[in-house]
Amino acid sequence: MSDFPISRFPVPELGALPEDIRTRIEAVQEKSGFIPNVFLALAHRPDEFRAFFAHHDALMERDSGLTKAEREMIVVATSAANDCHYCVIAHGAILRIRAKNPLIADQVAVNYRKADLTERQKAMLSFAMKVSRDAAAVGEADLEALRALDFSDDDIWDIGAIAAFFAQSNRLANLSAMRPNAEFYGMAR
Amino acid sequence: MSDFPISRFPVPELGALPEDIRTRIEAVQEKSGFIPNVFLALAHRPDEFRAFFAHHDALMERDSGLTKAEREMIVVATSAANDCHYCVIAHGAILRIRAKNPLIADQVAVNYRKADLTERQKAMLSFAMKVSRDAAAVGEADLEALRALDFSDDDIWDIGAIAAFFAQSNRLANLSAMRPNAEFYGMAR
Amino acid sequence: MSDFPISRFPVPELGALPEDIRTRIEAVQEKSGFIPNVFLALAHRPDEFRAFFAHHDALMERDSGLTKAEREMIVVATSAANDCHYCVIAHGAILRIRAKNPLIADQVAVNYRKADLTERQKAMLSFAMKVSRDAAAVGEADLEALRALDFSDDDIWDIGAIAAFFAQSNRLANLSAMRPNAEFYGMAR
Amino acid sequence: MSDFPISRFPVPELGALPEDIRTRIEAVQEKSGFIPNVFLALAHRPDEFRAFFAHHDALMERDSGLTKAEREMIVVATSAANDCHYCVIAHGAILRIRAKNPLIADQVAVNYRKADLTERQKAMLSFAMKVSRDAAAVGEADLEALRALDFSDDDIWDIGAIAAFFAQSNRLANLSAMRPNAEFYGMAR
Amino acid sequence: MSDFPISRFPVPELGALPEDIRTRIEAVQEKSGFIPNVFLALAHRPDEFRAFFAHHDALMERDSGLTKAEREMIVVATSAANDCHYCVIAHGAILRIRAKNPLIADQVAVNYRKADLTERQKAMLSFAMKVSRDAAAVGEADLEALRALDFSDDDIWDIGAIAAFFAQSNRLANLSAMRPNAEFYGMAR
Amino acid sequence: MSDFPISRFPVPELGALPEDIRTRIEAVQEKSGFIPNVFLALAHRPDEFRAFFAHHDALMERDSGLTKAEREMIVVATSAANDCHYCVIAHGAILRIRAKNPLIADQVAVNYRKADLTERQKAMLSFAMKVSRDAAAVGEADLEALRALDFSDDDIWDIGAIAAFFAQSNRLANLSAMRPNAEFYGMAR
């Protein structure tokens, strides 16, 4: 589809991958109709690949007080703050799908404070942004403010841990100049 | 040992943990003589715990062009830039042990540019700091500069991926106000 | 189409506007099929409206060594740096149209250094970003670098003056919480 | 008066300028006794010149809830934050004249929080500085704070729009290395 | 002369001061025609007063490869970067006197890169600004660049030590809201 | 003990120093068992040496509402913010001694907000950090907040003046690449 490389680092052939990784990638391909490049770009390090996606799924697929759309908002807002090409484009698409809203991803990416969100969701994103950009300053008062909006401590962990996980993902994507698939840009608009 | 809590979030009893997690923690305790608090602070989320430590070990224990001491330098330098209490104190101790040098951890934490390191190690840390603080600006020229110092692309991935992993760890530790064990401060001085 | 206000400041009825402003707005509406909100949001101040759009057109419509697509790249890159909701969404659409490229606007908005652009275009955007974010540091060396890439001094003025004009626009849009029309989001994707 | 160039870009002869622009410049010269360099430095682009000064006058000469001195305070404070040589020196002189106060311009340029101003004026400048430096963060609470000090919404637009206009001017002056006339420095001291 | 206080902290009566401090102040008053407020604002702490002015004189009065005007340029440039009201106004006056140039102080305060200085003086100020704002990053390459412009190591110490001393002075003046005397503003213009 | 130089600038022989300076250094050596490098690194400028240590002692040895341990906390916190190798290591040792607490110096250096301190001590350090990093923004409200915690105005001066003095020291140490003695690292752990 494109002459641009997926990553600065080696991208293995599907056939050369360990069985479990190949199976996982093929399952995603079956479901999405294409292989999101992050799976190919991380496959050169099988152990890191396994841990990365296990961690991703543990946070993004678990039963949580946050909806899946809200979790994707955290991903998009913090990834935009980190200028992460792959994560903003790919998770922007997922956010549009999860929220059934074609406008929301671009709004959250540019300036979540102006997005069509509830005040509670903006408070959630303010906390996620603080964890992403100045975690050392997170204090009890920040947690109290979320509790006052009926976020449980489990929810607060989810917000912070998703922001933390994508702090890692954004850096891996920027390190490798990971390229988002063209399919993501127009999805669910 | 202390009246200060280990974490803002729940810390489960050892006996209440899943078998594999308890076993892992007891192995560490046996080897170190105490349980580093990070194991206890992450245990309330078993799936995240498993993925986190699998990822940690994949990066920090693998055969690499970087020595284990050099990998700990990356941890200490980037964790200090993120004002991460737990990581600077705990990995400072590990760095002193790995490098067999009682001064190096404090030097790297305060200002790696003034530390007793080789120019090649300082270049490694400059790259790690760029990944940690401004990954969006990482470009081919940064990689070329490392290749010119005989870092392989695999080494470069290791440097960047360790900086990225601890971008996550630092945020989790700051989110939870994770407290380093008193044992770490004086270790290997 | 939406219950969200266009602006924090008064939005006059079309019929209440001075003749020349109403005529201009109706011409845009005829051409685009809808009235971009910036025309409505600035209309409460007719003299400022006239000067603003005269300045906009002088820069964006003139014969220039820069293509119209390149000028829109400058708008999108600098507006994203200023977190300007209206300008990124609306000019993102215009950039997709001008460049006949459905991917380029999102790429430029997130991180122009990773976008599918020529090195010359990236140098143009680096200069625009410096004017936008740290104009006091612009020096002869910056101009020399552009001249070496065959930008004329007239082109350099265009790059800088567009960045400067949108420094103003971004602030007006953020001041007024100007809302982009829903039509822009999916246009030319 | 000086061997230093007025601008990095072309400065046309007065006689070569379009009639309306020449007339305007001569009127200023008659009134001030000299031609402020901004008129000469922008004259190489007649359409941009006309729009720029029309916009300037629309904001700075209109009937407003802000005094002319207060509007110049906004110019000086935000231009100093942008390290804009021309605007601080030239508008510093105008501020001294408008405020009939020989000390105020230097005070506002260095640190408006320590200047001899009313608390209401300091609040006005804090808002102008927020528009100038972090407009994306401007929210309803900022407007409410000004309304509580009896600023009308029209006044608030003036404050923000002047800060936005000089965000543009400061960048044009820094782009062109525009040189303030020597006459400005000592005027009204 | 003014109803504004000189300092947030106590300002002793001249008669209540220790003999040596009173004598020093009276000598300055005799020479300048007025008492610069810094002498009064620091007098409530006699030992700190003595050390402060001894340090000031050791740097600013010594035989040096830097002219006295150049030393004042360092003071004005770094004090403006620190938004220090007292130091910019008072040392701006001294710079005009030392340099016999009525324009130079305002130029250096706003943006030394655009000031009427030699390239060597701009390099001197760039180094002083680095010491003032990011001393931890000062490296051998910075010293080499100055040596290449014929600054001796003694000159380099002077540049850095003056920037360091005024890092202290600026903070004391901002801590105490120290007010510059009205006499300074128009002096030597 | 080390092949690394103490300073980038000349380090005189003890025997070549003025009598008063040599005597002072020998007294410190007698008391500490070694000569802290700061005494040697500043000795090439006797007048500056005398003023510097007189100022240091005036602040750090005087009767004050702050304990000596609290004053060292200010030194360590602000020196860490300035990435000052010498000051963090040397004053970290002194803080451990003064506070009779082997953990406190590392805690304060990494993130004083997470350190084992009283809320009053954290407020003291927040003010010191504001003086160190953004003194121009210090306002009456900051002083009121400290007074409400029972800090006298004399205490507030001490906090601010110590932060200001070490703003200078940190810059001198970074300018000269001053090396802390190996003895400091393990002292009082």
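Labels A, B, C, D, E and F are assigned to the chains in the order they are written; within every chain, residues are numbered from 1.
The rule we apply is simple: contacts are C-beta pairs under 8 Å (C-beta built on N, C-alpha and C of every residue); 3 or more make two chains touch, one makes a residue touch a chain.
Since the model is a prediction, treat every value here as computed from it, not as a measurement.
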### Query
Taking all residue numbers at the chain A to chain B contact, is the shared part over half or under half, that is, same or different?
same
### Query
So which chain is farthest from chain A, going by the mean of the CA atoms in each chain?
E
### Query
Which chain has its C-alpha centroid at the greatest distance from the C-alpha centroid of chain B?
D
### Message
With centres defined as the mean C-alpha position, give me the chain B-chain E separation in Å.
### Response
44
### Message
Report the inter-centroid distance (CA atoms only) between chain A and chain C in whole Å.
### Response
29
### Junction residues of chain C, two or more chains touched
83-84, 111, 114, 136, 174
### Message
Let me make sure I understand the interfaces: which chain pairs count as touching?
### Response
A-B, A-C, A-D, A-F, B-C, B-E, B-F, C-D, C-E, D-E, D-F, E-F
#### Entry: Complex contact set, residues of chain F against chain D
136-137, 139
### Message
Under the stated contact criterion, what part of chain B meets chain A in this complex?
### Response
8-10, 45, 47-48, 50-52, 54-55, 58-59, 62, 82-84, 131-132, 135-136, 138, 140, 143, 153, 157, 160-161, 163-165, 167-172, 174-176
### Message
Show me the residue ranges of chain E that touch chain D in the complex, using the header's touch definition.
### Response
4, 80, 83-85, 88-89, 92, 102-103, 106-107, 109-111, 114, 116, 174, 177, 179, 182, 185-186, 189
### chain D to chain F touching residues, read off their complex
111, 113
